[in-house]
Amino acid sequence: MNNAQPTLAQLAEALGAELRLAAGASGEQVPTGLNTLQDAAKSEVSFLASANYRRFLTTTKACAVLVSADDVESCPGTALIVPNPYLAFAMATAIYDRTPTPAPGIDPSATIHGSAEVAAGACIGPGAVIEAHAKIGQGAIVGSGCVVGEGSEIGARSRLFPNVVIYHGCFIGADCTVHSNTVIGADGFGFAPAQGQWTKIHQLGGVEIADEVEIGSCTCIDRGALGNTVIGRGVKIDNMVQIAHNVQIGDYSAMAACSAVAGSAVIGKHCTIAGGAGIVGHVTIADRSHVTARTLVTKSIEEAGSYSSGVPFMESRSWRRNAVRYGQLDQMARRLKALESALKQQGQAEE
Amino acid sequence: MNNAQPTLAQLAEALGAELRLAAGASGEQVPTGLNTLQDAAKSEVSFLASANYRRFLTTTKACAVLVSADDVESCPGTALIVPNPYLAFAMATAIYDRTPTPAPGIDPSATIHGSAEVAAGACIGPGAVIEAHAKIGQGAIVGSGCVVGEGSEIGARSRLFPNVVIYHGCFIGADCTVHSNTVIGADGFGFAPAQGQWTKIHQLGGVEIADEVEIGSCTCIDRGALGNTVIGRGVKIDNMVQIAHNVQIGDYSAMAACSAVAGSAVIGKHCTIAGGAGIVGHVTIADRSHVTARTLVTKSIEEAGSYSSGVPFMESRSWRRNAVRYGQLDQMARRLKALESALKQQGQAEE
Amino acid sequence: MNNAQPTLAQLAEALGAELRLAAGASGEQVPTGLNTLQDAAKSEVSFLASANYRRFLTTTKACAVLVSADDVESCPGTALIVPNPYLAFAMATAIYDRTPTPAPGIDPSATIHGSAEVAAGACIGPGAVIEAHAKIGQGAIVGSGCVVGEGSEIGARSRLFPNVVIYHGCFIGADCTVHSNTVIGADGFGFAPAQGQWTKIHQLGGVEIADEVEIGSCTCIDRGALGNTVIGRGVKIDNMVQIAHNVQIGDYSAMAACSAVAGSAVIGKHCTIAGGAGIVGHVTIADRSHVTARTLVTKSIEEAGSYSSGVPFMESRSWRRNAVRYGQLDQMARRLKALESALKQQGQAEE
């Protein structure tokens, strides 16, 4: 987050790009921001991240475009030549980001327990609550209305947006981001059945989140029943994701919105779990597995690969006819087999 | 929200209904509220919105029933004759609604930045936070514990129930309702992969919500990556709905609970998206499309209509047998084709 | 929650277990906590709840193991013999639970309406808001940032974790637990269509929750449209569960994370609804029904049993081939039938 806008030449330097100026263009121009090729104004910088959009290079109004060396020929205007335009675009968003950062300090309306430790340069927003023995790291931001429970720790430079709740005994690393209304460390769902009723299994573990993790809004990461729920380094978790007790997620995996993982499942490293996908409890997902949208993973995945379930959508009328047949599938398979035998027999009879 | 209860005659007038009193009934009676035909007490008004319930007209205890002219013959008691009984019922609920409205004014425990503008008649609840340059419209209600981020605007008469978080740079129109713990304007889920790690794409856009929009509890509407996420006029969104960055939803569409729309999808006007339905990213849904419960829409819908996916539920035992066959479907189809050819050949051989 | 750790002998007594000490072991040992057979340290107590883990009895380091009389022979170390080891484990978790309990009293930063009643021994956390005529029972805990709406009641010893919102007119029984950011009593999703727009059906009912109910984080239980939404005694509800207006859930049923029930559905007693399952509106689910993960229940379940829907997951490549065939299922079924007829005819022709 910088405040002075860079010139094109400065932008090129910041992104490690080679600046190829179009005729009449100047490296001293100060772009106003970023946009897509189609929507960019004359003052904005754009990027070509996919060949599908190459045709827009000739019509874009952008004052400069992030392109790879391979595509620079197709770019009639000013080019910022980089090895990976999408990555360079991501880096550029950090330069143009204007997300407000509150000033360090403790708001007078916050409630800080006497035994809590708030490091220098940390910011505690209005109405936030820091409970006994909690530790807030250097430069961390605890947004307004957040609660950090007893003995929990927030690492250096991590930011909790407003109204996040961290229960007791949860450890969040450095450089993490947690968006509003997410809950970390609530009880896992554990009850022993007894005589038609449920006896609570108190959840004795906690939650351990490594560095550089980002977590969206309204997501739930439950504390472990025994031992901790563990989120690896650099993991990215979207909104409304459910992570049950004692789940482990390997480094650099990503889970899109509305996905869910049941208790004690272990997800490997570098996995991507697409939106709405579900993973049942106690299974293991191999490193570099990719699970497509809405898939329900019902057993362990032993090998890296892409996995799916579900049926295509169609007009409700056709769907209704086909869906009915789904309940007849086993019977159809048996009839098919019978036909094959009958036909074979007839064939033999004829010979 | 009125405080004096109307007489039957006044209720008829308010709803534009023709009052047909049963023998011995009086237009001066003051009904105590509304209820279904089956559950109504003698003091309550009811309604007939579907022919399925017509048989209850003769047994209901309701002191009056909202009916259409077509059904009035079947109604032995006092009738309130209206063109659309369900709509009249909806209008009547506004009369009997007792949702408390806090008095205008700023609670002393709220934190209002010096540069924020709070219009006359607005209400800011206990512990709410209004950040720099934010604007709260006339008669708007910001519930306790809500946060309105830097530069964001809440339109006239809109109401945020407690603990809603609106990030910076979000614009909410007039006469909107947002229920508790919903988050508007958190970061969209955008990361560029680079050497096995993720580089954040800072989300530079905002959220724009038109007038008369209602949003349920624990719903997430993410800010745009570039440009805004846009919700049209009169849109109704239920609880736990996920709306990703740069989604656009057309005027008067409705999304039921637990539905989700991935990034940059465009939903037309007057669509209904049923509970748990999902829409993948970058697709377009035609105006007046209806998506049934739990359907996953994986490509654009070009024409208005009703769309579905999924398979029927059944006893787990039968389901297990049929589900196994699902993985053999392609093979079954090939075997079927082979049989058809073989049979045709045999037929020909015989001739 | 006890503070003095029990000796093995005291633990046995508390759990109603028979203590069978291994050679050299002492009933005066003070275990430090609980753990699984595999992970237990020498100072921890473990349990054998499933025959699958019996082989770990010989290798576990646990100082004692909760086992049934049937399994005690396989246990070479100290045994705590109980009729139901899993239930005894659940009881033991209560002994070792260290979830902090705030001291009774009203935090000075809380906002309590003059007409609200807060019973002796209740705890109202920082920033909590108790509105007019609300009642907080004896020993109840209202966490920081919670809101209890006008006229609502929280029963004795119930606990709301931080940032829970209870709207007006909601009744929560005794000994309930509600985890953070859950919303109870927001408006059900009701709108009457009129000339292409939506007219709100104000939600005039409330929510009624019986005793001993536990509710997870970020869950939504909507108020009734007319009459109340009702949750029975001892019901257990996980995170991100959606319970729509006028749903009724019978005593001792359990709903796992991300499940959802649409309006006016009635779920019987002792049902289990697994993760991500959905139940459409206006259906009835028989007592002791079990719905497996992600199943969509589209009509009433008349008889106790286990019910499922969905298709198995597989490698995306195979899945794609089979999924295409799903849209041809009806046609395949017709072709199969035609083949059967043709074959029969040929057979007859040959005779």
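The letters A, B and C name the chains in turn, as written, and every chain counts its residues from 1.
Everything below uses one rule, namely that a residue touches a chain if its C-beta (ideal position, glycine included) is under 8 Å from a C-beta of that chain, and two chains touch if they have at least 3 such contacts.
In this text, all values refer to a predicted model and were calculated from it rather than measured experimentally.
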{"item": "Residue-number overlap at the subunit A/subunit C interface, same or different (half cut)", "value": "different"}
{"item": "Copy-to-copy rotation for subunit A and subunit B - C-alpha atoms, rounded to a multiple of 5°", "value": "120"}
{"item": "Distance from the mean Cα position of subunit C to that of subunit A, given in whole angstrom", "value": "26"}
{"item": "Multi-partner residues of subunit C (at least 2 other chains)", "value": "109, 127, 145, 163, 181, 218, 240, 258, 310-312, 314, 324, 326, 328-329, 332, 336, 339, 343, 346, 350"}
{"item": "Touching residues (chain side subunit A, partner subunit B) in the complex", "value": "33-36, 39, 84, 86-87, 89-91, 93-94, 96-100, 107, 109, 125-127, 143-145, 161-163, 177, 179-181, 214, 216-218, 234, 236, 238-240, 252, 254, 256-258, 270, 275-276, 293-294, 310-317, 319-320, 323-324, 326-330, 332-333, 336, 339-340, 343, 346-347, 350"}
{"item": "Touching residues (chain side subunit B, partner subunit A) in the complex", "value": "109, 111, 127, 129, 131-132, 145, 147, 149-150, 163, 165, 167-169, 181-183, 186-187, 189-192, 194, 196-204, 218-220, 222, 225-227, 240, 242, 244, 258, 260, 262, 278, 280, 291-292, 295-298, 305-312, 314, 318, 321-322, 324-326, 328-329, 332, 335-336, 339, 342-343, 346, 349-350"}
